[in-house]
Amino acid sequence: MALPIYASPLERAWHYTYLVICALIFLFLIAPILIIIPLSFNAEAYFTFSEKMLRLDPEGYSLRWYDRLLTFGMVAPDAPRDAAWWSDVWHNASWVRAAKNSLIIGFFATLIATVLGTLAALGLSRPEMPFRRTIMAILISPMIVPIIITATGLFFFYSMVGLAHSYVGIILAHATLGIPFVIITVTATLVGFDQSLNRAAASLGASPTRTFFQVTMPLIMPGVISGALFAFVTSFDEVVVVLFVAAPEQQTIPRQMWNGIREQISPTILAIATILVAISVALLTVLELLRRRSERLRGLSPG
Amino acid sequence: MKRMLFLTSTLMCVGFAAAAQGELNIVSWGGAYGASQMEAYHKPYMALTGIKINSIDADNPATPIKAQVEAGNVSIDIADVEPSDLVRLCDEGALEVLPIDELPDGADGTPAADDFIEGGLYDCGVGTIVYSTLIAYRTDTGVAPTSSADFFDLEKFPGKRGLRKGAKYSLELALMADGVPPAEVYDVLGTPEGVDRAFAKLDTIKDQVIWWEAGAQPPQLLADGEVVMTTAYNGRIFNAMMEENQPFALLWPNQIYDFNLWVIPKGAPHKDAAWEFIKWSTDTQRLADQAGFISYGPARKSSSPLVGLFKDGKTEMGPHMPTNPDYVADALTTDIEFWADHDIELNERFNAWLAAS
Amino acid sequence: MADIPADQSAGIMRAADGRPLKVALARAQTRARRRAFLLVAPLLFFVLVTFVVPIGQMLHRSVHNPTFVDNMPQVAAWFRDTPAGTEPDEAALAALIAYLAAAAEARTIGAVGTRVNYEMQGTRSLFTAAGRRAGRLEAPYREALLDIDAKWGDPALWSTMRQVSTAYTANFYLAAVDRTRDLDGSVTRVAPDRAVYLTLFQRTFLLSALITFLCLLLGFPIAHLLATLPLRYSNLLMILVLLPFWTSLLVRTTAWMVILQGQGVLNNALVSLGIIGDTGRVELMYNQAGTVIAMTHILLPFMVLPLYSVMRTINPSYVRAARSLGATSWTAFRRVYLPQTLPGIGAGSLLVFILAVGYYITPALVGGASGQLISNLIAFHMQNSLNWSLAAALAALLLAAVLALYWLYDRLVGVDNMKLG
């Protein structure tokens, strides 16, 4: 991106303007996410930086909103913080229950989406696959069809077959929503996959199963894991289907946030938001490491 | 795959087992009102019977009922609804018909049928509170509105307004602000010209309105300074004033009265337990108890003498109740039949009006 | 060697087991195809059951509403057997009254009234009122009904009842495009003060187009920067694009609410810097501005990623060649670089547009009244008004638009070329 030596002064000026514009756009992208982090430590119940916060006075900061995440919904939040208190948190605190639900639903949805999605991606990337394009289009469509339409359809269908208000119903729905991501990432990995490796394994006497687990699998693993991460995040972030088909027992984190945002956006919402941002950062790191590993395995130049 | 099926079916069983032990899913309006029900009814009842009560919040608890009944999967045992929704749902067969003669007599011996304030007892529902929708405003803007007309006066009172998103309450308020006496509001609103007149009045502030949906939103909008005036439920504003020392005040003239009632959706999973809860929670003492947590009037006449102080132990509730004689003179009582019949068409018109910018 | 088939000499190749090679190859290919298909089959079945069937079933609802037929079968039968415009006779009225009484008893009268009310405003109360008194009515029934309400003599009411007396109807699609049937059954526009859906479809597409344009405007420069920087730097900067992409939608929406509120971070900063007065706070939320700003932010990564992957493949020597041939930097950009990015622009724009037209959460939270999109109205009819057939009809129209765009995307870009980070 360095300027060529023959650049005119006008071009130079434009070049620096361009860099400033880019910096502003990056700021636009990242600032909203960063701004909520300090605000979640606000000692006051407001969404602006108090003077104490700006002066970096420790009194302006507090963990009270994080504490609220634990105490909200408890039977006896003011009891002394002993084992009974923590058991109360574990069983009754709304956000803790929501987190448990999110993890359970996310885990099973990811499992289904990843297993079925990876198998299908293996089939789809074989050159002899019939109706490849059409089938691919159908399998990707859950990502494209507006979520409100999916949720509406599921509401009627689940009511008819008795899956509404059940964990299974939400898990199946979230698995469906996560599948396109698994297909996309795994097929992308398989594009660079050398099919002659499979043939070599077969000619050396390996059964197809053994070939899959010992040759194919390790090579496409980074793609599978990043697909699984996408599927998990999709489930972890999904609120509309939960709004339409879940019962109160299946309240998830986004569902709880939805309530909180509409009723009272107290900084508690910012506290949970900050935790979610931290989780995204962790996931992103894992993904980046996987990408590097994948590039190394496939002999591409490291980034 | 098998293992997963096994795990998920175990999960389901756990879910069912928990539900079988005696739980009640009660849907209400959330916020300070939901909290008052939690304190006055749910917590004592859980302690008394060991039944676990799940309190669920909704913008309007009537809306999930119809959806659940029609779709054939009801998870709600009890919902807290407005009378107009009750009549509508009852007509459509979405509610259980209750044996209301089983309700306990009032503490003074009056039979339940006579003890409830008129409009507080139906064959599909039992009243708990009388509340009012009225104008709330910030007291720190320097000028205080004195009538509903001031709500529409953007010159004297500049700033954003909050209104409940929907035809109900908005149209009545607009007509009263336009000079229609409360007694004639529904006659006027029953004519096409009256509806036009109400919308024309709303037009004058349309671009200054922030529409709220959940009852907890207006106190928040006022507290954040997003609006200077808003329609609100009186109890929510009262609690924000008492508990958070917010600089709010209420404008009692032209308040719009209504009830809230317990109903049981048709096919509720714990129908009998739900009815037991309703019988218990609507006796004289329990209804009076709730008034100690929020400034809503009890639906039984026999409860009124028992209403004491706010939970802070010093505030008399009387002056904050919508039923206070000083406030009822030019109050409007919501016409239940009118809204049961016109809800759909007026809301369609309202949506069209809202969408046209 | 005597049993060598005679056609060997004709040049037909054979596999080891003696079958003609062509047949063996075809069979092997069939087997390979079947194997490939079997790998895909479980997922295809899964998606059909958990996704395609539910949506199909919902679409069925948009043309199927049997409320009237189910509750008043004999009345519906009378409508079916008589030509349009027939005056109801006493037998038909007797059947109607009997069903009104039965429906009132079974508490389904409200449902029937609501169904008729969808097509003709203000008729619900006719049914509930008549139902309450139907048990006591005596012949002649015509007079008895008119006695309850003169509207029972209105031909428009009977024409409407005739329309709803069939289970299958296209009327919900008419309603979804602000049309209705008049007395003689021909299609007309609804009164302007009731028209809402066309406006909302139009707004949804206009706002989505605006958001797509803004995403392109903001996405193009940074995608270009990312594609031309050395990998070391661009990978770092890429995190700034990927982090929002991986952050919860609700978190990002909340963040914008915190920033854009009247008393929010942005307005407070502007006030304390003295740029605006305390009374002149900018309204950025609960209106279209809020929807556009928040959605642009949320959808921007979907524009940057496809642009970036196309720009990475553009050989910088083309632009240098153009420059060396005398083109100004602007000409070189416009005539040489830009055309090569078109596939990325197309892919990103289509993806952002498709995702934008179906957005629900963000407009619901920051859009106020003027920033609502068609999805919000579908949700309204699903959850508040409970006119599910109308919700399904609106959903069908939206789905048709999205699928058409998706088909276009598949033709132009190919779904298998979709990249995620």
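To keep things simple, chains are lettered A, B and C as they appear, and every chain counts its residues starting from 1.
The rule is short, and it goes like this: contacts are C-beta pairs under 8 Å (C-beta built on N, C-alpha and C of every residue); 3 or more make two chains touch, one makes a residue touch a chain.
Given the structure is predicted, the values throughout are model-derived calculations rather than measurements.
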### Query
Which chain's mean C-alpha position is nearest the mean C-alpha position of the whole protein set?
C
#### Entry: Which of A-B and A-C has more C-beta contact pairs
A-C
### Summary
Per the C-alpha means, the centres of chain B and chain C lie apart by a whole-Å value of 33
### Distance between the centres, which are taken as Cα means, of chain C and chain A, whole angstrom
23
### Query
Using the average of all C-alpha atoms in each chain as its centre, how far is it in Å between chain A and chain B?
38
### Task
For chain A, jot down the residues that touch at least 2 other chains.
112, 155-156, 158, 160, 262, 265
### Query
Where does chain B touch two or more other chains at once, residue-wise?
67
### Query
So which stretches of chain C touch two or more other chains?
261, 263, 382, 388
### Contact set on chain B toward chain A in their complex
1, 4, 7-8, 11-12, 15, 18-19, 25, 30-31, 54, 56-57, 59, 67, 71-73, 75, 213-214, 216-217, 220
### Task
Going by the contact rule at the top, pick out the chain C residues touching chain B in the complex.
106-111, 113-114, 117-118, 121-122, 124-125, 128, 193-196, 199-200, 203, 261-263, 279, 286, 368-370, 372, 377, 380, 382-388
### Task
Within their complex, state which residues of chain B touch chain C.
60, 63-64, 66-67, 70, 88-93, 97, 158, 160, 165, 199, 209-211, 224-226, 337, 340-342, 344-345, 347-349, 351-357
### Query
Tell me, which parts of chain C touch chain A in their complex?
29, 32-33, 35-40, 42-44, 46-48, 50-58, 61, 218, 221-222, 225, 228-232, 235, 237, 239-244, 246-259, 261, 263-265, 268, 297, 300-301, 320, 323, 329, 354-355, 357-361, 365, 375, 378-379, 382, 388, 391-392, 395, 398-399, 402-403, 406, 410, 414-416, 418-421
### Query
Where on chain A does chain B make contact in their complex?
104, 108, 111-112, 115, 155-156, 158-160, 162, 164-168, 171, 247-249, 259, 262-265
